[in-house]
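Chain naming follows the written order as A, B and C, and within any one chain the residues start at number 1.
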Amino acid sequence: MSIQVKNLTHIYSEGMPYQTIALEDNSFEIADGSFVGIIGHTGSGKSTLIQHLNGLLKPNSGTILVDGLDITDASVSLRDIRQRIGLVFQYPEYQLFEETVEKDVAFGPQNLGLPEDLIGERVREALHLVGLSYEDVGQRSPFDLSGGEKRRVAIAGVIAMRPKVLILDEPTAGLDPKAHKDILNLIERVHREENNTIILVSHNMGDIAALSEKVLVMHKGRMVMEGTPGEVFKKAELLLGMGLELPPAAGFMELLKQRGINLENMPLTIEEAVEEITVWTGNN
Amino acid sequence: MIRDITLGQYYPGESKIHVLDPRVKIICTFAYIITLFLVRDFVGFAIAVGFLGLIIILAKVPLKFIFKGLKPIFFIIIFTFTVNMFMTKGEPLAEIGFLTITREGLYNAFFMGLRLILLIIGSSLLTLTTKPINLTDGIERLLSPFRKIGVPAHELAMMMTIALRFIPALLEETDKIMKAQMARGADFETGNLLRRAKSLIPLLVPLFISAFRIAQDLAMAMEARCYRGGDARTRMNAMRFHTRDALASLCMICFIALIVLQAYYL
Amino acid sequence: MDPIIHMLDLVFQYKKDDLTPEEPAVDHVTLRIERGSFTAIIGRNGSGKSTLAKNINGLLIPTEGTVYVKGLDTADPDRIWEIRQTAGMVFQNPDNQLVSSIVEDDVAFGPENLGVEPGEIRKRVDESLYAVNMYEERKKAPHLLSGGQKQRVAIAGVVAMRPECIIFDEPTAMLDPHGRREVMCIIRKLHREGITIVLITHFMEEAAEAERVIIMDKGKVMMDGSPREVFARTEEIRSLDLDVPFTVDLAERLRSRGFPVPDGIIEEEEMADFLCQYKSRT
């Protein structure tokens, strides 16, 4: 399911004296089955952008083609869009409401009008994908679970709809190191087993560098950079100037550069950093 | 994104009315409303309308905002008008079916209607020219002396302060929850009344839980900052009575005197 | 000198409705925190670090054992307000700490509760807002501020009470990197000015800035020492489901490749120094 965005513009409170241009003339493509990272300072328009992709917001101008279908067209049913494109908001555990985990995860599939037995299947699969056991948690109240478990239930609720594109907005926000790793593993597993497109919005550059095939950089409502993680994080000064950080390994490399040490390739992960340093010292 | 919510209907400004002490404004508003019921005839009403008109001009609030406050009670005004018109006994003027319109009825209807309108406009002026937080402060200080007889002035004010603080936050939370559930295919719009009521559950349950969580966190934070109720609390913003407040009070007293004189002695 | 905070064999057990015996959230902890020090307490979710923090200022009363703040027993209801004025606390959620819809009124909340004289409150509010760089925003409504700004206002509100010690309970967990930097900058500044800092966090880079790092797990103190001492024990740390700072991780991996990286390196600069020296020698 490929996504093509052309000249997307969104203005809040258009025409009023305090109107704000949240998105300005954004065009980009997301290939089917890819893993894309979106980064940008707070207020750069990331949240607004992803809400357009699943039809929650309509642009003032521009088009969004999902597999050739223009979802900005008024005739397209929102239900169709939301079945194809799933969106997990920040702190998704705040949207849990049902008496049992099973019922909450079933909410999405129910809204899609799926038959009962298929819903049951979807719930089990989704819980399995997020690393929870249906037997253990299915009949428990979601509010009895730990923070990390609640978040996984909330994500399962979206995965149960089997979207071809899964958008996650800061899925690791507020989590401790272990829960953080668990969620990242979960996302990788979903990407692998469902073969879908993943769009990850995050402030954690290490995660973005490690997982993304392509990175989109937002700044003040515009998409200012696009490329592989290697290409994007190479432009260290530009990123720092926009108030963004570098992944730890790249950040360390910048420090070395200041000392006159130039590694051949820029490391994005700690493993790559070790490799590069080994090569540079000739310590093979 | 719900960013700048002005609560109640506060109309920002620095007019002579805006800067008055909220306690003076609250008392004057009550006084005005009470005097409305002392007025008996056209002349009296003319004075009342004139006085209100003067305040409106001084407050520099556009008329459109003033009349906004009348919209919700439009039907009540019509209802009051009609009931008084038909139900008052007196000299008959006209007959419609089995209902009689009397001269007294017409007068009553007109006066009652006008009273209601002036009452609403008068109260509106209070909320239009006073920030909710200052209103809360004013109410607290006015009720403070009655704490000795058990009026929980401070607690009421604290409740109002916290409500004002968190209403924008809760509205934003509602928006977020709605969007999250819509992303899961929830539909808050179609269907009959019953279905739409049911569809609110995925919105209301998380919202209530959020509200409880906020309350818990806030209570802990308040305790950590040594909050222990209203006793022995001081206030950074001392409310001071200025010359302009004395002047305003004087004007109000003159107005009341005029009305009373006109109604009973002239 | 007496420690400003002294926990003596502290045990805390949350009361549950059913009668199943639960593990205590804090299990026999004895700790002394010296005046003017900067201590970080880290641990995974459920390790007891937050519960420990709340026992310091009497939000929770020990099930067993005692906690003394400036020599005062937190279980003594007559002294609790003194204790809370001495040991202030900043919480994780920036939003849910702010009481008033005007920034400066919120900062005044603490001093008002203490019965401070109005003129003095005004002075303290202004000073505190300047200290956290929020003076310009003093008339604004909190819901218009960013997470980092809100948290700074919360800190100002505690600073205005003139505490001797401030406990920060995961203050940056809900902030973006920019907000985190702002808050850590203020914490460092407050420490420089002599305030005792207790920082509860799970960000290793933040803990590395402290003078002392305490690692908790299952309610017990597992490790207690300087950042250098503690982060050297990487295997133990990982077994507790925690991370080590990037530089420590890098040092360990390089060592396994045969690089003679000296022990105790936790700063990026030190690592860069080592690499320069190493290269010039080979």
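Here is the rule we go by: contacts are C-beta pairs under 8 Å (C-beta built on N, C-alpha and C of every residue); 3 or more make two chains touch, one makes a residue touch a chain.
Since we're looking at a predicted model, the values are computed, not measured.
Enquirer: Which pair, A-B or B-C, has more C-beta contacts?
Expert: By the number of C-beta pairs in contact, the winner is B-C.
Enquirer: State the chain with the largest centre-to-centre distance from chain A, centres being mean CA positions.
Expert: In terms of C-alpha centroids, the chain at the greatest distance from chain A is B.
Enquirer: Please compute the C-alpha centroid of chain A, do the same for chain C, then give the distance between them in whole Å.
Expert: 30
Enquirer: Nearest whole angstrom, what separates the Cα centre of chain B from the Cα centre of chain C?
Expert: 45
Enquirer: Send over the residues of chain A in touch with two or more other chains.
Expert: none
Enquirer: Pull out every residue in chain B that's touching 2 or more other chains.
Expert: Counting only residues that touch two or more other chains, chain B contributes 4.
Enquirer: Counting only residues that touch at least 2 other chains, which ones in chain C make the list?
Expert: Where chain C is concerned, no single residue meets two or more other chains.
Enquirer: Considering only the defined contacts, which chain A positions touch chain B in the complex?
Expert: Per the stated touch rule, the residues are 12, 18, 51, 54, 56, 78-79, 82-83, 86-89, 92, 94-97, 107-108, 110-112, 143, 157-158, 161.
Enquirer: Which stretch or stretches of chain B touch chain C in the complex?
Expert: 3-4, 132-133, 161-162, 164-165, 168-169, 172, 213-214, 217-218, 220-228, 232-238
Enquirer: Tell me, which parts of chain A touch chain C in their complex?
Expert: 41-42, 146-148, 173-174, 176-179, 203, 243, 245, 248-249, 251-252, 255-256, 259, 261, 270-271, 273-274, 277-278, 280-283
Enquirer: Residues of chain C touching chain B in their complex?
Expert: Going through chain C, the ones touching chain B are 54, 57, 59, 81, 84-85, 88-89, 91, 93, 95-102, 104-105, 108-118, 121-122, 125, 141-144, 154, 157-158, 161.
Enquirer: In the complex of these two chains, what residues of chain B are touching chain A?
Expert: Contact set of chain B toward chain A: 1, 4, 173, 176-177, 179-187, 201-202, 205-206, 209-210.
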